[in-house]
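Labels run A, B, C and D following the written order; every chain starts at residue 1.
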């Protein structure tokens, strides 16, 4: 009786340790999937090239959601792109993180009263870090990435877990805004 | 036998470690070339271990089986690889054709797994990889035919020893045309810039790797590093006279790999049919001319 | 059954019996065919292994037999092919137009093939050869295509005439029809002609360039499982004739000094090289899986030509082993495709996809077969290709080497295509519900073939020892073999070690895989689509024009050989019309005049 | 220059001769605008197409809620003469129906679908004018109608972030070191670790 409880706790401890080691690797090798929906995307080239050189933080661009760790939502999201964004987010392999760029993802920005653009991204998918500004300058973008790494270190970047636990809530919001996430369109049938 | 197998596994592991570290160093070199700071030299290790720690998706048993077959085939190939004339798991069985064809098992596994994912981009990537292969392999094989004919052995360490015995008369100097062909072919094998059509992240979303994430992608990264190790070491043994000790091997290996990286970073990308036409034009002609000169006429320096 | 004559007669009568039985119970007839085929295979294997064949003949007139290591080797391979294909027979009879004759034809070709292989008399051989052509001819149109049968007959007739010509020349030269005796004394000016005629006969049967037109037609349009028979069995008769020509008829003409090879042999090697290149290029662009495999058979026939033309023990061993390895691999591949086609009624890759999810065993059989066909260890094809490479490199044949390497790498391309387009990829909805794994008898045949494919690649020495006796019988030195290794010209090969190391590698990879976190299962349609929602499987399945960028480079030139034959055909028809116009007019006296005139012209020398 | 003006003149006479123009306006030497009756549009487009105006550059609508009308705008272009022609026609707003111009300009297919989606105009003759194109699953009146209130729709449909009244930082002392560190890091990032 006693021994089983001991091993159980031990196992948890081991899992936690492994997770911490894994966290070290994960935060030092963030592969981005750039969902370039808006103008904030223009801040990424200077962040990647020789002026700010994102690669020294271990970050790099990736081609598909399966390979990527962090989803960059750069700018406003119309209903049409939000559907694709949710689909893409669900295809990413866990653990996964989301960074929202610019005021559009925070409160809709200059599109706050449009019929086609959503206001708060965190109602539909969990966002770990917001980078404010319209557009944010490149220092803030880099700072956002470093903040994300800090959050990962202190285990606060748990958006993907929240998505699992609050899935019903997210789902409700998605349905309320979009009607239906996956739609049929004639061009892909 | 067990000891030989362990040595072989040691070579594979060592090759993986060495090549992965060198890959990081080369990323640093390239970054310096572009006036950047560049990643840490152990960045590639971090990448691979991160991938192994993630939770991936699987598209059915063939998707996983192909990855295992790919990594297994490549580890098996690496186990035959001589590092120096002494560090060699299976003396006199390190036949050149084993490397070429056992490597193909790994490639086949990967191709199978990629097609098994059901993504058309993966199949297109595999198609391009195979087409590139049919382009670069023939000139390379003709050059190697010349080398085997001259050295009288198809054992890779035997070829290296032949060059050392002939007063360090490396085939790089003895067969200058063939050397140029082999460099071009090696760039094709490694998928370096002008010939990286089958990865093409912007066109076909990294081709065969499109559906991989997490541990499968991590294993394919390991596989890729070992493949690079095998191909560059083959080149070192065939053209640069092999190595007497492990330091010489490391230096030669580093020079070849870094040189190729520098060349590839100033190039654009070919279209897939341009790759085929390119290899069947000058490299093939040069390889055949080199073979005729060396075998029929006997003009070897 | 130790007596060959009795074996042939029994097989023939079993064929007749199965024909009769078919009208009462098709199932029983098929069972009889299977029994007969296995009986023939068993007796050939057993008595061939012991060496106790009784070659006396008492029942048939004018027929005499002899047995040699070579003919036993070929007989074992071909009868084994028949035995394997016979297991497929019961499932295909109903799809045939005239199913009742199929078993009869099947067993009678088997009997006649034995005749060809074991006779020691050239005229008997020719008779059996023709009998094989005629019986196999009627197996082709059972699925409904007559044009392929006509094409097959044309080229076979051409080959037969060449063989007949060679036989008459040999007779004129030596005064005997007995094979060994007449081949022993051949020399002088006739030698070159005989050599050419025999090679032409063999190449027409083997489907080598430039006589390759019939092969894809026949193998593509014959009943699905019969194609395996043609590829693994009947085509190998061509290799048998080639061995006669290249190995038994001594080298003729001047020698190419740089590579120490007779010009005539070098020419055959170049033809083999062209066969490899043509076969590979054509196989790459086929959409029909069976045609693709047919062209791959052609390309592998080229390897055999190259191997036999080099005329040393390593290359001949490579060639003979290639006959075996390719027979096993191509029969397995054809049968796997036939197992799919039985349920889908098509072999077009653009209409198929995702078969692996319902037919995993068939998939594994095909996978092992193509690994062998592409010459990748640890399968049988690697051993033979390695031996052939050894011989080619040792001789320093650069241009042949280009073709050999091209064929070897090109085979990765074409064998991968059915794998990706037919077995892998998206699971198409039209086959999702109805498709099932192949029935047990078919699986049995395919599994036996797979096991042998692996066995020939891992532990080839027992078979190579048998081939060594064939080589010694031909008057060459035997190849050095130990229990596990083969010694080539410039290196040792240890197939078992390769397999072991490969298994160790796979084990390590498996341990890495299994010790990591489990992956989440997702469906095939849940793939990266750049964010688009796609519900149609066909859109996500890449199978049409698989190698389009590569095909574009040479598709202008593919029809050259076919066009040559077409214009030849046209010219012959024109010539025949001309003769008809002049000779066979409405007036009989003119016809009589021409006939007399031509007779006089022909008999001119004899009369004077 | 004279050439272009003569082009305009030629078209002007062509249109004036064939149709009863409600209004004609020459905007500049490259653009002419005509207002026609609804029924004349198809004939006018066919005449223009046969006179070299091969390209339909644009098809759209303007909403006039006070007049209870929707104005259709067709812009066609001639590649040989560098001339754009706008054709305007007004249709009923409550029951907006306009026959499709698909037989004349096949390229109008998607323009008509877009116009249907955003203005609610029906185009009989276009087989799938009522399929969805841009707005996926739209559930309100067509959004480009002037009586559609995007703000109200947005308020109804999307969750808003409540702006805080008071943006004061509650505890200044504890934030200070963090801000300093952040500034330092930003500096660091800019210079790449060098002073």
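Definition applied: a contact is a pair of C-beta atoms (placed from the backbone, for glycine too) under 8 Å apart; a residue touches a chain by one contact, two chains touch by 3 or more.
These numbers were taken from a predicted model, which means no experiment stands behind them.
Chain centroids computed from C-alpha atoms place B closest to the centre of all protein C-alpha atoms shown. Among the pairs B-C and A-D, the greater number of C-beta contacts is found at B-C. Each chain gets a centre from the mean of its Cα atoms; the one farthest from the centre of chain B is D. Note: centroid distance chain A to chain C, computed from Cα atoms, is 58 Å. Averaged Cα coordinates give chain B a centre that lies 35 Å from the centre of chain C.
Between the CA-based centres of chain A and chain D the separation comes to 34 Å, rounded to the whole angstrom. Within chain D, residues 192 each touch two or more of the remaining chains. Within chain B, residues 37, 53-57, 205, 210-211, 214 each touch two or more of the remaining chains.
The set of chain C residues that touch two or more partner chains comprises 520, 526, 528. By the contact rule set out at the top, the touching chain pairs are A-B, A-C, A-D, B-C.
By the touch criterion stated above, chain B contacts chain A in their complex at residues 27, 31, 34-40, 43, 46-47, 49-50, 53-57, 201-202, 205-206, 209-214, 217. Contact residues of chain C toward chain A in the complex are 520, 526, 528-529, 531-536, 539. Against chain C, the residues of chain B that register as touching in their complex are 5, 8-9, 12, 52-62, 64, 67-77, 79-80, 90, 92-93, 95-98, 101-102, 104-105, 107-108, 111-112, 115-121, 123-124, 126-128, 130-131, 133-134, 137-138, 141-142, 145, 148-149, 151-155, 158, 205, 210-211, 214-216, 218-219, 222, 271-273, 276-277, 284, 288, 291-292, 295-296.
Note for the complex: chain A touches chain D at residues 52-53, 56, 79-80, 83, 106-108, 112-120, 123, 139-140, 142-143, 146, 173, 176-180, 183, 185-186. By the touch rule above, chain A contacts chain B in their complex via residues 18, 21-22, 25-26, 28-29, 31, 49-50, 53, 55-56, 58, 61-69, 91-95.
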